[in-house]
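Chain nomenclature is as follows: A, B, C and D, assigned in order of appearance, with residue numbering initiated at 1 for each chain independently.
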Amino acid sequence: MVRYVTRRLIQMVFLFLVFLTVTWFLLYILPGDSVALKYAGNPNIPPEAREVALERLGLDKPVLIQFRDYMFNFFQGDLGVSFNQYPRPVVDIIAERLPRTLVLFLAALVTYYWAGFLAGKYLAWRRGNRGEMLVTIGGVGLYSMFLPWFAFMMIWLFSVLLDWLPLSKFLDPEQWRDAPFRANQVFMRLFWVTLIASVALFASGFIARQTRSRRLGRTLRWGGGALAVGGFFFYWYGVDSGQVMRVYAGDIGFHMILPVLVLTLINFAGVMLLTRSSMLETLREDYILTARAKGLPERVVRDRHAARTALLPVATSLVLAVATVIDGGVITEAVFSWPGMGEILVSSVLSEDIPLAVGAFSFIGILALIGHFVVDILYGVLDPRIRVTEHG
Amino acid sequence: MTSRRLPLEISAGQARLLEVDGLVMRYDTEAGEVSAVENVSFSLGRGESMGLVGESGCGKTSVALSLLRLAPENARYQSGSVLWEGMDLLELSDQEMREYRWAEISMVFQGAMNAWNPVYRVGEQIREAMDHHFDPPLSTVETSRRMDRLFNLVGLDPAVQNRYPHELSGGMRQRAVIAMALSCEPKLIIADEPTTALDVIVQAQILEELKEIQEDLGLSILYISHDMAVIAQVTDIIGVMYAGKLVEFGSTRDVFHGPRHPYSYLLLSSIPSVTGPRRRPVSLEGTPPNLLAPPAGCRFHPRCPWATEQCRTDEPPMMQIGPSQWAACWNSEQVPEMGEQLP
Amino acid sequence: MADQRSLPEETHTADPFGSQPILHEVDSWWKIRLTLMRRSLRENWRIFRRSKVGVFGLVIIAFWAIMAVMPTVFFATGFWNPAVYDPVTGLELNPPTRTMTMVERITDPNTEIDRRAVLLDGRIPDTLQIGDTFELPRQPAPPDGRHWLGTDPLGRDVLSQLMHGARASFFLGILAAVVTVVIGTTVGSMAAYFGGIVDAFLMRLADLLILIPGLAILIVIGAVFTFQLWHLAVVIGILSGFGGTAIVLKSQALAVKVKPFIDAARVAGGSARHIIFYHLIPNVMPLSVLYMMFTVTAAIQSEAVLSFLGVLNTDTSWGLMMNLARTQGYLLQVVDFWWLTIPAGLSVTLLSAAFFLVGRGMDEIVNPRLRRR
Amino acid sequence: MRLRTKLLCLLAMLALVAAACGEDEEAPEATAAPATETTAAPAPETTAAPDEPEEMDEPEEMDEPEEMDEPEEMPMAATYRLGIFSAPTTDNPWAALDTEAEIWNTYVIPGQMSLYTYQGPTYTVVPALAADASPPQVEADGDGYSVTVNLRSGVTWSDGTPITAHDAAFTFNTIKKYNGLGGNFTSAWPLARDDDPATEEDESSQGVSAVEALDDLTVKISFNFEPGLAIWPMSVGLGSIFQEAFWGPIVDESADAETLYAASGLGAPNASAFDSVEWEPGAFWRNVALDEYYDSGSQYTVYSSGAVEYTQDGATETWGGDPGGDVLADYTEGPFISESIYSIYTDQNAAVLALTEGEVDFLLNPLGLQAGLRNEILAAPALEVAVNDQNGMRYLAYNTRKFPMSQAPFRQALACMIDKDFMANTVLGGTAYSINSLVPPGNAYWYNPDITAPCAGQTSQERVASAVQIFKDAGWTWEVEPVWDEGNRDVIPKGEGLVGPGGETIPPLTLLAPGPGYDPMRATYSLFIEEWASDLGIPLTAEPTGFSVIVDKVFPPADPLGFDMYILGWGLTPFPDHVFDFFRSSRDSALGGYNTPGYANPAFDALAEQFDKAKTLAEARDLIHQADAIIAEDLPYVTLFNTPLIEAYSNQLTFPYTTILDGLQNVGALTGVVTIS
């Protein structure tokens, strides 16, 4: 196991190096450079100014030297400074954008996976039902909806026609006037509090599964759940820091509803169909027949036996999707005025801001690599069969 | 065609536990109606063991699943009844049927590996059955006490219950399956190919143990197998199925020594005998019929060396041949004695 | 079929050629293979037909295929004059007009002109007095007898653009799909067949491609080249073929590799190339065709998004129609200018959904475990 | 289990949202406690006139009593809500002028002081810190030249301290310390090279050699050459001046410009009526009006002649010549608002929705609103519209270094075929208007109204005839001469085998234009030009491509022969020195300049030299008019069209004027003088 993990890690590092190199050079060979693009529109800037700018950004050095310097700094934790927002360090910019993107897209991801999984489960279970074709076609229709257009229609519906939800942005400036926090602090707090609550939930469930005694297990499961949810609310209502921040967190949450809804509608069908396939395969397994023969209620057969095993590929794809949340946001972030990593990705590439673009790309790469790695580990947790094959 | 219940004198005096009477079950498929079980009747008493043999696809598993009403959703019961202690299982509501399952009739599935859900521990899966069938529910202590007893009964270390199915060997898994089948104290166990995937030594051990358990607990067991040898070893009564029909029925001893249906004969002859008189193994030519459009008359006639014109048109009824032997063949007398060379 | 548990285990690799491993020397080999192929096609069609969603998708695709052919017919028969109906340079020189009245304060912007509107429209003489009327050409014009779906802000026929857009989508989708299949099957089969270092190299390369964020890299490439439709198709093909598809197909090919007929072919002296192209690839092909369908969907969607963002350099496409509506400010005027956004937006959805649905239908062929019993 | 986890997470999230939204009454208490620095009250402080029925449904506007510390004469105190389309990237005004020279930063960062400034809506150069109504003249001074400027007293930074000559000197010395800085600094404050004396040939050696504070209110600027109007006052006079007290220590500690740029500028003193108090990156930026603004209450009257009457504390000055013509604007300096909030909308469509929904009062966008929104904004009862000329142009450029573009008749004949009015009115549907001169008509002072388009007003038939005549006169010949067929309304037959006077054949030519995804107007335009060229027998292919691809081919000097023709656009400044920058041979793009056509005309260059030395506006205008006429005749550029700048704003807003070149966005949406009812 240790050897396997080590080998995987070495492979990952190597792969990452190659990825970094390819991205860097790909961006480098783009026509023009950051300075040319920036100054092309301003005839009042004399040529000398361009040279000054090039020198300042280090773009006057030979390619290989630039690359060597970049890599050297990269592995010392210095991602350089953005060309376009000179002299702002890339790390700063990413730190500013990442929390927003993470919170929005993780919330959307969890929601649409949850919705998709439920829908898929029922679709497989009630196979041949009249609704099946309707739901499938409707789901696929939504799935292939042209995202920007659909998003605008939803904004129009919910924010203009019904006037239930805010138009766009992630906060209401007038409410945030003189806020004691920066939005990122709130995003981070939201992220951590929710993460801790979820981990507590998951852990209590996991421990409950390990216990021999059923009663203890049930107590643990529900107790842990209640504690996690209770803790979550206690934090926002009982703890001073949470109370103060609650209004702001609520505002952000309120602004999140529409993008999460849109992303859910667009994406749930993919998960639904994956779950359906996976579940249909599971339903053909002998142990489903065993479970039925044991006289278990249908609900237990469906949820405990069929869906639990069918969860495997769904969970895998969830983890891989987590790894891609950053680049999924290009359109959504623009439409909902939610400037995050997706916006960075596009704008840095278009303005040939190499350090920022490579920084953002490498972040995505690292997330994806970790995602793949976690999938392997997760598979072991979810499917006991894998655990052993790994040993052997 | 009228259905006739077969009087079974072999185990006379015992109350009939299970009586299957004229069971007809068909599958609706897009290609048409598949006649999977055609007018099958038999009965089984308490403590008896019976075997159903036949080639793959002959409908024996369909019969077994019918007893639990677990046939796939496209199955339709045309006629007939499955009487369990006089009550027709086919008439029960889903909820009532669920209560019957495992508590009265349990099943040992073929391919024990696949019968286990890979993501739960063995113990959990057995406990689950007990949780749903004991009223009032068993206490935690009682459950684990029972569990230990079950594992001891099938010759497994009780510690095995905390392992995952894939961590067990084939034999252990099969024993655990038997333990699971016994967990709710059923009266009948259906053993569907209980030993197919195992090596011969383990196979023998398990069959031996099953037999012992049956005797100890006074269970009835319905064995389902394509393996004549297995059936011969452990059953009192045997039914031979071909293409959805029961073609021969009788005491195991009679059928084995003097099969009166050509199919039984050929099936038995195809097994080389180690102990008996040396004979040329006979091969069964051709393939089983397409059940979408079964042949008219006797379903075996296309492959039968003794088929006559009558066989092609008229379906033979079950006819009593001996005191405890029935066969559905117009020409049962023509079937040679075992050991005789074929003409 | 009778008994659920005694069904012969169907696998992904039911190999119609497996029983004739030695036939490849014989002249009639192709004939036999063709017959077999026809038979398997017929059988697969039978299975596919049962999938209602698959057939539904196929009907939509057929509809769009006809749409894609129509302009050629219209131009050839003279029904459409290229000067007017060309999707790029066509121009309605006599657009419908409407009579506008100058008012002080506007109530209905469609028939009355606010004083301010004079400033907004270069064609209105600013000497106009309140109460004067004025004929104003409508561009974009709503649907009428000449332009069934109206005209766009540049006076071009929307229907013609829609039809040409269908053509572009088909071209793009099919090219991307073919590239996906070719690369996916070749790479997957080679990795499976050779194993070892070849496998490691190819698979790491595939991992690398998976790491790359798709849309961003397409934008990068869009900035490097004059990014035309076929570039996009090839890039999407490579990304999806070498990335996800190759990995799935490799595991499939691995399953095929251990089948007896491969050994037989090897014993019979088949070269590596022969075995890969004649035995491995035909067997992973059905699965790769499935992925092909999903690639088409992805390609159509990517094109639309890239065009919408204005990164792609094409003449006509649905995404570009939406882009024009967006950059000219018609995107949210769904009621007043529906013909500028709804047909194009709906087309993207319909066609990509259709390919996806066909893919679902094919899934049931390729993966018998999903079939209804 | 995982399923339940997810469910609970979701529920928790929703519950949180519901809880936070549902209990607004707790909100102020929670906010008020930790509120820290700013002068404004934490809760919404805007007041609406109580008789305004439309405001009734926004309770928070009614809740709070009016802020009492607002000056008495201010009629209203309100929040001005503006939308911008890209997040500001810095709060540092130095960086905002150099590396971060993005319009979005300029919009939100309060302005710095300068000696002179542009006065809207005429863009007259008027004194800001300087006391003299018109810029003093440069005089010879030792080896070089210098100008001494007297400063006004009573001009203060936002922190209340006076702005002095020392601040100007500090600013220059800082720029010098960092070797000139970059971006806008380079053009505003050209730095004299210390090592070698200025030469005529090497423009880069010319610049400001020193800025000294003679006393608090006198500053002397020294040059190492004799600067023309373009340098003094149009560059140096308009250059930003920073406060020494605040920035001095930071500059002392910063070894390089990078460190200076990295310093936070939020709350740094500035010379506007606002202070930046809050920057929520990616979401909004908030500026709060000063309690005491030195210019508050001053009266401005702007005449169409460009003259400005300025009245402060009862004393009236007249700037920019004698008052004459109509009064374009007559207003009192504010601010009349309490704060301005700039919200970021990353998508224009969303921003327009926000505008029509009343979420913002004004959208700041250098491109204005899209033409297709005409109907929508006209129909919106709560919106007012302002339409203005854009100071810019879309143009076709010939690479005059190559045959046949090097031949004036060729350029003229093709330009003759281009029917700009047809393109603008018919093809572009009236969303654009054609332009002929290099200075757009909206720049009234510099615009040359005598310039007409080649073959202006001719029909298609006449255009073909004229183009053929131009070629023939120059000795060009065809194998098949193009003829206009009136019956088919087309050129039949098209020209074939066009050769130059020396028998040169025309190689296949490419016309680069932005792709339809980037700008459908220019892409379509290029296709029509291709069509017209082919009518004449010119093998021209339009190639719509990526914007950066064109920039890459056209601007870097690597391969000046790498293109034939291209279509791009320029955004321009009010002082039109671009007319010379774009075409004088010393600014050839091969040398790093902006003369992309490689145009070299000694007569034109001579005008450029005169312009460099011009001392008065009238003189400069005359030279610009002459230059514009030369280009319109010789056509290295063919100016094509311009689009109007459409802006919409809430009808609650009142601006002193709305007609201004480049629109209200160019004067920062007039935050200083706007009133909100």
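Operating definition for what follows: contacts are C-beta pairs under 8 Å (C-beta built on N, C-alpha and C of every residue); 3 or more make two chains touch, one makes a residue touch a chain.
Predicted model, so just to flag it, every value in this text is computed and none were measured.
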*Taking each chain's centre as the average of its Cα atoms, which chain lies closest to the overall Cα centroid?*
A
*asked:* On a CA-centroid basis, which chain has its centre farthest from subunit C's?
replied: B
*Return the chain pair with more inter-chain C-beta contacts, choosing between C-D and A-B.*
C-D
*Approximate Å spacing (C-alpha centroids) for the pair subunit A, subunit B*: 53
*asked:* On a C-alpha centroid basis, what's the spacing between subunit C and subunit D, in Å?
replied: 42
*Inter-centroid spacing, subunit D versus subunit B (mean Cα positions, whole Å)*: 90
*asked:* Among all residues of subunit C, which ones touch two or more of the remaining chains?
replied: 223, 309, 326, 331-332, 372
*Spell out, as numbers or ranges, the residues of subunit D touching 2 or more other chains.*
349, 353, 548-549
*Could you check subunit A for residues that touch two or more other chains and list them?*
30-31, 152, 156, 350, 352
*Which of the residues in subunit D end up touching subunit C in this complex?*
348-349, 352-353, 369-376, 378-379, 384-385, 387, 424-433, 515-521, 524, 527-528, 531, 543-546, 548-549, 644, 646
*Quick one: which bits of subunit A touch subunit C in the complex? Just the residue numbers, please.*
11, 14-15, 18-19, 22-23, 26-27, 29-31, 127-128, 133, 136-137, 140-141, 143-150, 152-153, 156, 273, 277, 280-281, 284, 324, 326-327, 330-331, 345-346, 349-350, 352, 360-361, 364-365, 368-369, 372
*asked:* With touch defined as at the start, can you tell me which subunit C residues reach subunit A in the complex?
replied: 52-53, 56, 204, 207-208, 210-217, 219-220, 223-224, 297, 301, 304-305, 308-309, 322, 326, 331-332, 334, 341, 345, 348-350, 352-353, 356-357, 360, 363, 367, 369-370, 372
_Could you list, by residue number, the parts of subunit A that touch subunit D in their complex?_
30-32, 36-38, 40-50, 52-53, 56, 81, 84-88, 96-97, 100, 107, 110-111, 113-114, 117-118, 152, 155-156, 159-160, 167-171, 173-180, 182-184, 194, 197-198, 201-202, 205-206, 209, 221, 225, 228-229, 232-233, 236-237, 243-244, 246-247, 249-251, 253-254, 256-257, 303, 307, 311, 315, 333-340, 343, 350, 352
*Which part of subunit B faces subunit A closely enough to touch in the complex?*
68, 70, 98-103, 106-107, 109, 111, 114-119, 127-129, 131-133, 140, 143-144, 162, 164, 166-167, 180
